[in-house]
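Structures for review follow.
Two complexes come next, and they have one chain in common, subunit A, joined by subunit B in the first and subunit C in the second.
Coming up: the complex of A and B.
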C-alpha cells in the first residue's frame, strides 16, 4: 500500500472508537440528577450509586431513589402523589416535580438527547 | 513524503470532530417560579448577559405569577371582583393585555377555552394545591345554569365591564404560554439569539442548541418514557395538555383538571393534546380547547384557531395527528400505539 493508503486506514481506525464514543454521548442517558428545593441552590448527585436521598421541602420530606441508571420519587409529603405516580425517569432533560412540596429533580448529562421534555 | 500532503486534511478532520465533541457555550438556570419549575437554557459566549437575562426572567415570571394568580389576592382577583359588579372600570395594565387575548382565543375556540369559569374550577378543588373530592351534581348544575363566558366581558380600550355576576377569571390555560412567549421576546430584545424556556413541561425556543435544533422529547402519557420527539424550528413552542398533569382519585375514579365548560365535568375522551406553534399563548389555549373538543370535533376547531400542527392521544391510546405534525414529529422506535393521520385541516 502507498503511504496515503496507510494514512486513510489509520484515520478510519481512529474514527471508529471516536464515532462510537460520540454516539454513546448522544444517547440521552442521564449522568446525574440535580435536586432543587424551593429557592435553595440545586445539588447534583451522580447516578452511578444506588441510593435514596431525603430532602426537606415546604410540606415535609421527599425521598428520591436512584437505581439502575433511573430515578423516581418514592415518597412525598404532598397529598396528590403525582410525582410518585409518574414513575421511573431516565432521559436527560426530564424532570420530576412535586409542586406542593417545591421539590424538583432534573435529569442531566453532558450530551443530552433531549434539551427538554414536554408533557 | 506523500503522506505530508494528507496531513493538513487529517488534522482538519480531527479538529472538526473534537470541536464537535466539546460542550457548547450552554448556560442553564433553574428555579421555582410561576407556580412550577422553570428551566432556562441560553447558548452564547456572553455568560454575564445570559446570567442577567435568566435572573430578569425569573423575577418577571414571579411577578406575573402573583399578578395573574386566580385565587390568591392580587391584580387578577381584584379584576374578577370588579367584573362581577357589572360596572365599567379601568383595568390594571398588568392584566389587561392577557384578558383581551383570552377573550379573543375563547371566541376562536367556540368557548371551549373559557377564561372566566374560575368558580367552576374552584368547586372542583383545582384552585387549591390538593383537591380531594368531586363537587356534588347539584353544585355543578347550579354553576352551569349561569355559567359565564368571555363574551360576558365588554372591552373598551383599557376599560372593562362584566355582564355576569358569576364571572371569575382563571387564566391557567393561557397564562403560562403568554408568559413564556413574552419571556422569549424579552431575551431576544436583550440580544440573545439561542434560548429554550421549559416551564413545567411546556417549552418555547429561539435559535438552536448549536450544531442542531433544540430537540424536545414528548413524554408518553402512559408514564412509560418518551413517545415521540420533535425538533423546534426557529421561534417555536410546544405545549401539551394532559389528563395526568393534575388529578385526584375518589372512590376509584380519577378526576383531572381540564374541565369541559359544557358539562361541568372533566373532559373524558382524550389523554393528551400537543400543539406546536410560534405563539405560546395560542398553543397553550388551543391544547386545552382541542382536548375538550375531543377526537370527533377537534379538527374544525384547530382550523378555526389557526393551529395546524396537532397530536392527540385518545383514551384508546391512538395517536391522531395532522399531516403537518406527522412531518415534524418522530415517534420513538418500537411505538405500539396505533397512528392515525387526520385529513389536512382545509
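Coming up: the complex of A and C.
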C-alpha cells in the first residue's frame, strides 16, 4: 500500500462517524396544530403542548385537545359529532373538520408525507 | 457504399474484459445479499485490473458496457436499478479518473478502489434520494453504506492486486 492508499483509507473511515453525526442528529420533525375558525386566519399551536383549546364556531364552542403529540376534538356544538368520533390524529396531513361549526384542525409538518410510492 | 466498422485489437480486449465483468455481475446478482442495498461489487475487480493494465479509457468502456449489458441480461434496463447502477459507475469512474491522472505516483489499487467504491455508494444514495425516495430518512443510511463501501473497496483491491501479480501473460 502506498501513502496515498493509507490516506484515502483513513479519510474514508473518518467519513463514517462524520456522516453518522450529520444524518442521525436532525431527524426532528417540526409538527404543529393549525386551528381555523370560519374565515379567520389560522392559529398555530406546537404539538408538544398539553392543553385544551376552546374556540367559538358558528354554532357554539368546540374544544380541541392536544396531548402526547396527538390531537382530537373533545366536544363540539354540532349535531353530527363526526369530528369527535374521528378520534385521535397524529400523522401530518391529517385533518379534523367540523363543517357545521366551521372549525378545522390540521396537523401540519415540515416533512412531506407520501400516500404511496410505486415503481 | 457500405463501410464496415473496423474491429481493432483494442475493441477485442475491451469486449473480452467486459464479458468477464458481465459474467461476474450476473452471477453476483443471483446471490441474495444479507443486507439489502449492500453487495460486494466483484465485477469491479475487472475494472480495476483493466485500469491498471490499459488505462482509464479502457476501464470506462468495460465498466459502462458491463452496466448496460448486465442490465439487459437481468431485465433491469431503464429501471430504477439501472439508473442507480449507472450513476454509481459514472461516479466511481470519475473518482478513478481523477486519481489515475493526477495522483498516480502516490496511490495504488487500494486507494483508487476505496475512493471509487465510496463515490459509487454516495452517488447511488443521492440519486435514490433525488429520483426515487425523496425522504430525508434515506440519508440515515449514509454511514452504513460508506462503511460497506470502504470494506468492499479494500476487499476488491486485495483480490485485484493478487490477480495482477499472477497475471504474467499480456492479454
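Convention: the second predicted complex is superposed on the first by the 83 of 119 C-alpha atoms of A that agree within 3 Å, B and C clash if a C-alpha of one lies under 4 Å from a C-alpha of the other, contacts with A are read in each partner's own complex, and residues count from 1 in each chain.
The criterion applied here is as follows: a contact is a pair of C-beta atoms (placed from the backbone, for glycine too) under 8 Å apart; a residue touches a chain by one contact, two chains touch by 3 or more.
In this text the structure is predicted, and so the values were computed from the model without any measurement.
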{"item": "Which of subunit B and subunit C A:80 touches, first, second, both or neither", "value": "first"}
{"item": "Subunit B versus subunit C as contact partner of A:110, first or second or both or neither", "value": "first"}
{"item": "Contacts of A:68 with subunit B and subunit C, given as first, second, both or neither", "value": "neither"}
{"item": "Touching partner for A:38 - first (subunit B), second (subunit C), both, neither", "value": "first"}
{"item": "Per-residue contact with subunit A, leading partner among subunit C and subunit B", "value": "B"}
{"item": "Subunit B versus subunit C as contact partner of A:94, first or second or both or neither", "value": "first"}
{"item": "Which superposed partner A:102 touches (first subunit B, second subunit C, both, neither)", "value": "first"}
{"item": "First (subunit B), second (subunit C), both or neither touched by A:9", "value": "second"}
{"item": "On subunit A, positions contacted by subunit B and by subunit C", "value": "2-4, 6-8, 15, 22, 111, 114, 117, 119"}
{"item": "Sites on subunit A touched by subunit C in the complex", "value": "1-9, 12-13, 15-17, 19-20, 22-24, 27, 111-112, 114, 117, 119"}
{"item": "Touch list for subunit C against partner subunit A, complex", "value": "79-80, 99, 103, 106-111, 114-115, 118, 132-137, 139-140, 142-143, 146-147, 149-150, 153-154"}
{"item": "Interface residues, subunit B side, partner subunit A - complex", "value": "2-3, 5-6, 10, 13-14, 17, 20-21, 23, 30-32, 35-37, 39, 41, 129-132, 196, 198, 200-203, 205, 209, 214-219, 221, 223-226, 229-230, 238-240, 242, 244-248, 274"}
{"item": "In the complex, subunit A residues that touch subunit B", "value": "2-4, 6-8, 11, 14-15, 18, 21-22, 25, 28, 34, 36, 38-39, 42, 78-80, 82, 85-87, 90-91, 93-95, 97, 99-100, 102, 104, 106, 110-111, 113-119"}
